[in-house]
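What follows is a single structure, and I will ask about it in a moment.
For reference, chains read A, B, C and D in written order, and residue numbers begin at 1 within each chain.
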Amino acid sequence: MDKIQANIEMALEGIADGSVILIGGFGNAGEPIALLNALADKKPKDLTVVTNNAGSGEEGIGRLLSEGCVRKAVCSFPRVEGSVAFEKLYEAGKLELELVPQGTIAERVRSAGAGIPGFYTRTSFGTELGEGKEVREFDGVPYVFEEAIYGDVALVKAHRGDRWGNLTYLKSARNFNPVMAMGATVTVAQVSEVAELGDIDPEHVITPSIFVDRVVKVEE
Amino acid sequence: MDKIQANIEMALEGIADGSVILIGGFGNAGEPIALLNALADKKPKDLTVVTNNAGSGEEGIGRLLSEGCVRKAVCSFPRVEGSVAFEKLYEAGKLELELVPQGTIAERVRSAGAGIPGFYTRTSFGTELGEGKEVREFDGVPYVFEEAIYGDVALVKAHRGDRWGNLTYLKSARNFNPVMAMGATVTVAQVSEVAELGDIDPEHVITPSIFVDRVVKVEE
Amino acid sequence: MVQALTRDQMCWRVAHDFDEGTYVNLGVGLPLGVLAHSPADREIIYHSENGILGMEPLEESDEPDANLINAGKRPVKLMKGGSYFHHADSFLMIRGGHIDVCVLGAYEISEKGDLANWRLPKSKGAPAVGGAMDLAYGAKKLYVLTDHNAKDGSPKIVKECTLPLTGVTCVDRIFTDLAVIDVTDEGLLVREMIDGLEFDELQNRTGAPLRLANDWQSLSVPQLAEA
Amino acid sequence: MVQALTRDQMCWRVAHDFDEGTYVNLGVGLPLGVLAHSPADREIIYHSENGILGMEPLEESDEPDANLINAGKRPVKLMKGGSYFHHADSFLMIRGGHIDVCVLGAYEISEKGDLANWRLPKSKGAPAVGGAMDLAYGAKKLYVLTDHNAKDGSPKIVKECTLPLTGVTCVDRIFTDLAVIDVTDEGLLVREMIDGLEFDELQNRTGAPLRLANDWQSLSVPQLAEA
């Protein structure tokens, strides 16, 4: 079993127009910029991206947006320093935004990965973002119903990966990456280092190989 | 901040009659036997224990049961080789059993830890264990509603622990332990080794300190 | 007199059904025996519900480790590339459809693919379900590995299950000591039969109608030393 | 003329509200400034929603690490005893009630403890919520850190919020540049006021009725060099 891809193009093969793409990262930390740049070059159409932030600058998510590949963004905090591509599209009415609280994004994606179509949470009760959602009380406390977010593809950035697809991360660049890897049908990981099989201590694996389909090394 | 307790008695202080006790372990691997033995010696009453198996032999869960401390057991596989204490009580009608699929136990406890009062799962649909539970369809597929299991106390076994309460485990003795640690109000960990603060690599912490209230070293 | 497969041969046959890179969970009981027959020419990644990916059987020379056990609580080893994780993640793998194939034992299987494998109502003592109900629905494919007939000769494959169910319409393929049978929308389809067995005889020993696949093959397994 | 607290002093006051061993999350904006004033005489464990426990401020001599940032995307350091984890676990900590105290900024707080802090409807551009709604309900205690009055002098503490809410009846304590105020079942209770401020003046600058605690104290913070 060898999930290592010879190049980024192979790693991104078969991503269809209209796909739901889960993207790891928080700000630039852990953002799979090389995968996103290469995806933008392929100019897919009508993507839905699920990502905490909507990119900054002209790389990564910013590039995917400015190339016109994205129809809808599911984000908690789309606007960050330098999120010009996002803002331009949004203000021109060319991008649908589903604003979701950060923890709700994480839990909805994990739920997709866990075979849970929906769950209840306090978050967003009584707010605009909870409007129109089913409310149910448990022990007298109102909760909002949230549905899973299923990804077709997850694009993640890891530090090390082996040929089975086991991944480790660096510090807070871990963030959404292991969660996105759980929630998609196909997970593609860009890694800074390819580890020999067995070199990652089995106690220290953060994303077990079962969640990863393709691994590609990216020079930084 | 120092969560290290001088002895097991201190680690178990304040566990009230009628408490819900979440117990880590799968078979004997990762079972917090020393904590359970010491708890049995205190002879609390009417406990509910949440544990995959119902103990084997006269140590640990077996001892807690044979001392008459337990009113109800929530298990997926109570009967194992040597689960004589459990079988005796069960057959005498002195123990209530809630049989729950193994993954549903894990998810219900995690949900308690995650602020999720309930969720939907395929598991147990159309079976005896799903009877009487709410069923709801998503995309034409029927799911069963399951509620969180909140623990008053979690008793877990770890390999190493530090004074903040960070924990690591050994191999498959990890199993339910990190999950139970998330789901209880108070988590007590027996550890084989006390690590100096900072000796556990922050990338390799399995149970972050926030989930742990008391740590006690147990000689093995 | 046709020679039904031995239990080792049954396990061998299942083990050889998996392609390189398949993620497989083995239920307790007979299915765990599949591990010992995993072919050396391909990497198959065995998941154990108690938090292991990449388990392999212990060899004679290996020291058993009480902290490294399978779902049946017996010691195993870890392959290079394996990993450990907690129970919520382990069952996320199962329930979220990440496991390619799960192999479970059975008391009864219906022609629609209902499975009963966890409880005999007449048995004394407390019931136990373990991860069977999670596995029944969670894996991408559910295989059943079982004797074709119970000890009293009654069929295990039936029109309707009479025993408490583990899951409804969940079984994809049945491996017995006589045949390999797929559960399809058009009913039970025999893919393989052991040599010398007539289809009519197989049908007689089965409690639901069978069809023989046009491209059916011999269920042929080498003689094996007991594992 | 009474001297309102500086922003550093406001952060200092909040930082000194925490006991040894408190787990604290700091919202982006002003609350993140609390970190720099964490007292040296006690261990307080700061959680960052992007997967850190035990963050501490970067010192002059430290090299910033792009992989180690806080919720505001600024570089931080990790204390001994700290740990990293993924977003689902991080928000499990928040939403599951494991964080002892969360400190958020505010546009408006109602006397019942409703909080509006994420959206100004008149502002241009896309809205952003981040983890504010998770934090509002999730932490055991929710503190708000804010100027007592908006730049135009209007009160931020009001009878009813008019701006889009972050959460209802979620605020426990309000720290401003003038006072420390608890949200109680009987309304807003002033615990501390800065020296020289009359209660009536504080009431005049507040949009909801206040009561002064019998045991109210001086809100007294040392002079601080700008951090």
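Keep this in mind: a residue touches a chain if its C-beta (ideal position, glycine included) is under 8 Å from a C-beta of that chain, and two chains touch if they have at least 3 such contacts.
Just so it is clear, the structure is predicted and the values come from calculations on it, not from any experiment.
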Distance from the mean Cα position of chain D to that of chain C, given in whole angstrom: 56
Centroid spacing, where centroids are CA-atom means, of chain A and chain D in whole angstrom: 29
Euclidean distance of C-alpha centroids - chain A vs chain C, Å: 35
Touching two or more other chains - residues of chain C: 78, 84-85, 91, 95, 137-138
Residues of chain A whose C-beta touches two or more other chains: 107, 110, 114-116, 121-122, 169-171, 202-203, 206
Graph class of chain-chain contacts, one of line, ring, star, complete, other: other
Which chain pairs touch, all of them: A-B, A-C, A-D, B-C, B-D
Chain B residues touching chain D - in the complex, by the definition given at the top: 1, 110, 112-116, 162-164, 166, 182, 197-198, 202-203, 205, 208-211
Sites on chain B touched by chain C in the complex: 26-30, 52, 54, 75-81, 86-87, 90-91, 97, 99-104, 106-107, 109-110, 121-129, 169-179, 206
Chain D residues within the chain A interface of the complex: 48-52, 65-69, 73, 78, 84-88, 90-91, 94-95, 114, 119, 124-134, 136-138, 164-168
Touching residues on chain B, where the partner in the complex is chain A: 107, 111, 114-122, 138-139, 141, 143, 147, 168-171, 201-204, 206
For the chain D and chain B complex, residues of the former touching the latter: 20-21, 23, 43, 45, 47, 53-54, 78, 80-85, 89, 91-93, 95-99, 137-138
